[in-house]
Amino acid sequence: MARLHPNGPKPTQITAGRIGLYVFLLVAVLFFTLPLYTMVVTSLKTMDEIRLGQIFSLPSKLDFSAWTTAWSGACMGTVCVGIRSGFWNSLAITIPSVALSVFVGAVNGYALSLWRPRGASVLFGLLMAGGLIPYQIFLYPMVRAMATVGLYNSLAGIILVHVIFGLPLVTLLFRNYFVSVPEELCKAARVDGAGFWRIFFEIMLPIAVPMVVVVSMLQFTGIWNDFLLGLVFAGRDNLPMTVQLNNIVNTTMGERTYNVNMAATILTALVPLAIYFLSGRWFVRGIAAGAVKG
Amino acid sequence: MKNMMKLFLAGVAFAGFLTTAQAEDKPTIEMLSSWTSGGEAAAINVIKTEFEKRGGVWKDSSIAGFGAADAAFQNRVVAGDPPGAKQGVIGLAAADFVSQGLFNSIDDVAKAGKWADVLPKSILDLISYDGQTYLVPTGAHGESWVFYSKEAFAKAGIAEEPKTWDEFFAGLDKLKAAGLVPVAWGGQPWQQSKVFNMVLLSQVGIDGFLKIYVDKDKSEASVEGVKKTLAILHKLHGYIDDGAAGRNWNDATAMLITAKAGVQFMGDWAKGEFTVAGKEAGKDYGCMIVPESPGMVYIADSFYFPKTGNAETDKAQKLLAEVVMDPAVQVEFSLKKGSVPARSDVDKSKLDACAQKGVELMSAGAIVPDQAIVLTPQQVGALDDFVDEYWNSGSDDTAAAAENFFAIFE
Amino acid sequence: MKRKTNLSATFALLPTWLVAVVVFIGTMAWSINLSFTNSTIFPSSTYVGFAQYAKLFSSAKWLASLQNVLIFGVLYVGGCLLLGFLLAAALDRKIRFESAFRTIFLYPYAMSFVVTGLIWQWMLNPTLGIQASVRSLGWESFVLDWVVNRDLAIYALVLAGVWQGAGLVMVIALAGMRGIEAEQWKAARIDGIPVWRIYVSIILPQLGPALAAAGMLLAMGVIKTYDIVVAMTNGGPGNATEVPAKFIMDNLFGRQNLGLATAGATVLVLGVIMIVAPFRYAMHMHSKARGAR
């Protein structure tokens, strides 16, 4: 399988090309880090300092009050409790949604690629078309359907919605992964008398672990970052952090408090960021192991 | 594994039911509003406090942004799970809901409270459908105000409020020369449409304005008026700063509060922001009706009361309607929100200089309705598109643009 | 294993079939039906033929939104692929601190489009961001006003989008590069081919399928583009960054124009099918050919 180490000749000495390479990388680093840097320094400044208009300068004195305000005191309309309640809501929505959709996607990918029951390619085509359609179109009829089955404005409802809209992407990724698994593996197991589910749990799921990691991370960020579906389907008791972020950013008290807005923004992005910083290696490994292939 | 999944699903479903089942013995209202800016939140808090004092339970469901709040509301209506109350403007937007039988009538509250005697007829007509009262008005807003920072005017050496457009533009030149942003422009379509309307009123007068918007009149006088309006808009474009595109109105107001900019065209809710920032009307900032304007464009806010099928909520809705119409609440709310009380029998002495001007114009009948009152939401959207397109195109072909304006009524 | 129809496999796919038929097809049928009515805020059953479509295609906003999403889509996907490939190639050159670089390039992918849009709107806003800062350093005539400039706002969206998505392509491309046999490198070096030529002519073609998959992942987001536009420009200035998903959303709710919104949706879906169907057909033929091997 793929290695994690570079190919090609060993760099011998410092050449113009080598310098150019590092210059390119450093410019890229600047481009990629500047926004995060700006957010962090702004969140640590006082409003007096922000008014000076030097968005890239370091704060003269570290001031964490914007962070505490954003977490537990920022106002949304008449309620001033910060985004902490949204944090727990987001977790309650995201974790089950990811678990369920990864499971369903894995089964789908496995069935579609290694069993190919009648109509498999039709189903796959439908899913792909569904994956390309903007969510907005689904809202109205979905709201009605969810209300009919009594799931509208509930945690179960928003989880179901995320699973449904995650299906196309998740199925696509697992299908492409399982397509590259040798059919012989499956055939041999069947000769031994193993059925659909046994092959799935005992053979396919274990070899798909790298893919499970990749899909889980993609789904986690996607669902955590969702705004529209959470706004429409979650109900007021389950509103995710992104909806509260929007409320805070648009709630002003005379003057826009950029430091609080930035702190709230970073807090909202913190969980997916932490996941990428801490498990980025596994993400890269999963992809190197063939997670995303043509 | 399969059993675990089942257990897990059951748990998820159960958690869902838990959150929906709640004991409700007090009159409880869930309020869905998009009032999240400082002044707006302070104003709705007045109603909330009084509602709670009278034994009600208030559940706040604020969602920032008209669009997002409307989307959430419409979806909940479609799902048959509407909130107990929704804040919205008086006008044709509510008409469809009423005609579909989705809103509760609060006619008995209105009769008991003798609303007909204390509300101006224009507002009473707008909250009633087929003789039944459905909406409760929280207050009316004058929309054709020019706010200015006294500090900025002093810096630029402008001594007096400009009376004509020529004086106005001369003032803007002075502000520019003083290194300030002359106009704190809110570059969002709805704000731009409001500026268009206030300038239009200054050019065609009250009758001309009503002719255009109510009778959809396209006579030569109307076309001329629109052309002159567009010419003024084009000229104004030279006095805004680079950051204007997409700017929120309250951010524009903040530019006046910090004396970075000279004037802002906005409805009187901008006063709410000044108040929250501790600024006083007449002392720190001034307010004037758009130059050459014979009257004021107005809009009114209200609460809608959707049918929830819950008798307790119906009671709470009636209690809320009473609270909103309470004379003391009307005044207190208006002070915070920057509006004019809908009731005409309240104590106006507490109102600031700007609001007093507004009350004068209103009681003199020198007012014209906002587009949301006389146009369908589709036409309002078309108007926004038209003004936005003209404003951003930088074109000064007013004749061609005027043609496009009249096309919005089609 | 084909054709030995397995009940378990069919059964396992049932929920997905249900979703595909009820949600995807059901919604489409509902939308197409409504697009021929004069529905405003609630569905109506008064049919008006193609009137909504006529209105749609006479709307400057809709036409602009189609054009914008096309420009954005091509530049965003292309930009991500190009920058992602370049970054991967650079990291493939035995660089120090490779994993630190990799993390830095990948982290924006964890950010939502809303956050991405907000940050870049702040950065590119001429009175708050980079322009103001550079000017205060003394370069008074410096201009970076993309978000508020009618002709450049769409490129501001592309910039923010590429910032967010390039890291994903980099990871995928880098994984592909690491999969290339050392033998190929040796052979190419012996032939004296310069390094950049090796990447362009030897490695790039082999990465084709992986890059196509990455492109597909990104493209799935393009037609749905909504959050980033709302957070960054809200469609403006003028129609400069209006996109179809936002047009549909606006008409669905604020403008209470269900008929027009569903007509827009129908056009969009037809467009998607016209793009995807040939692609799917080609893939299908391709896999058939592989199967016959």
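For reference, chains read A, B and C in written order, and residue numbers begin at 1 within each chain.
Following the convention adopted for this analysis, a residue touches a chain if its C-beta (ideal position, glycine included) is under 8 Å from a C-beta of that chain, and two chains touch if they have at least 3 such contacts.
None of the values given here were measured: they were computed from a predicted structure.
Engineer: Taking chains as nodes and touches as edges, what kind of graph is this: line, ring, star, complete or other?
Structural biologist: The chain contacts form a complete graph, every chain touching every other.
Engineer: Looking at chain pairs A-C and B-C, which one is connected by more C-beta pairs in contact?
Structural biologist: Between the chain pairs A-C and B-C, A-C carries more contacts.
Engineer: Which integer distance in Å separates the CA centroid of chain B from that of chain C?
Structural biologist: 36
Engineer: I'd like to verify one number: the distance from the centre of chain A to the centre of chain C, where each centre is the average of its C-alpha atoms, in whole angstrom.
Structural biologist: From the centre of chain A to the centre of chain C is 15 Å.
Engineer: Give me the residue numbers in chain A that touch at least two other chains, ranges are fine.
Structural biologist: If we look for residues of chain A contacting two or more partner chains, we find 139-140, 246, 249.
Engineer: Touching two or more other chains, which residues of chain C qualify?
Structural biologist: Residue numbers touching two or more other chains: 128, 249, 252.
Engineer: Among the residues of chain B, which ones contact at least 2 other chains?
Structural biologist: 71
Engineer: Would you tell me which residues of chain B are touching chain C in their complex?
Structural biologist: Residues 66-67, 70-71, 74, 93, 96-97, 100, 187-189, 241-246, 376-378, 380-381, 385, 388-389, 391-393.
Engineer: For a test of understanding, state which residues of chain A touch chain B in their complex under the given definition.
Structural biologist: Answer in residue numbers: 51, 75-79, 92, 96, 99-100, 103, 139-140, 143-144, 146-147, 151-157, 159, 201, 231-232, 235-238, 243, 246-247, 249-256.
Engineer: In the complex of these two chains, what residues of chain B are touching chain A?
Structural biologist: Against chain A, the touching part of chain B is residues 1, 5, 8, 12-13, 15-17, 19-20, 30, 33, 35-38, 40-41, 44-45, 48, 59-65, 68, 71-72, 75-76, 78-81, 248, 250-251, 254, 257-258, 273-274, 276-278.
Engineer: In the complex formed with chain A, which residues of chain C make contact?
Structural biologist: Going through chain C, the ones touching chain A are 1-2, 5-6, 8-10, 12-13, 15-17, 19-28, 30-31, 83, 86-87, 90-95, 98-99, 101-115, 118-120, 122-123, 128-129, 132-133, 136, 163, 167, 171-172, 174-175, 177-180, 182, 185, 189, 195, 198, 208-210, 212-214, 216-217, 219-220, 223-224, 226-227, 244-245, 248-249, 252, 258, 261-262, 265, 268-269, 272-273, 276, 280, 284.
Engineer: Which chain C residues qualify as touching chain B in the complex?
Structural biologist: 40-42, 60-61, 121, 125-128, 131, 145, 147-148, 150, 153, 233-234, 236-240, 249-257, 260
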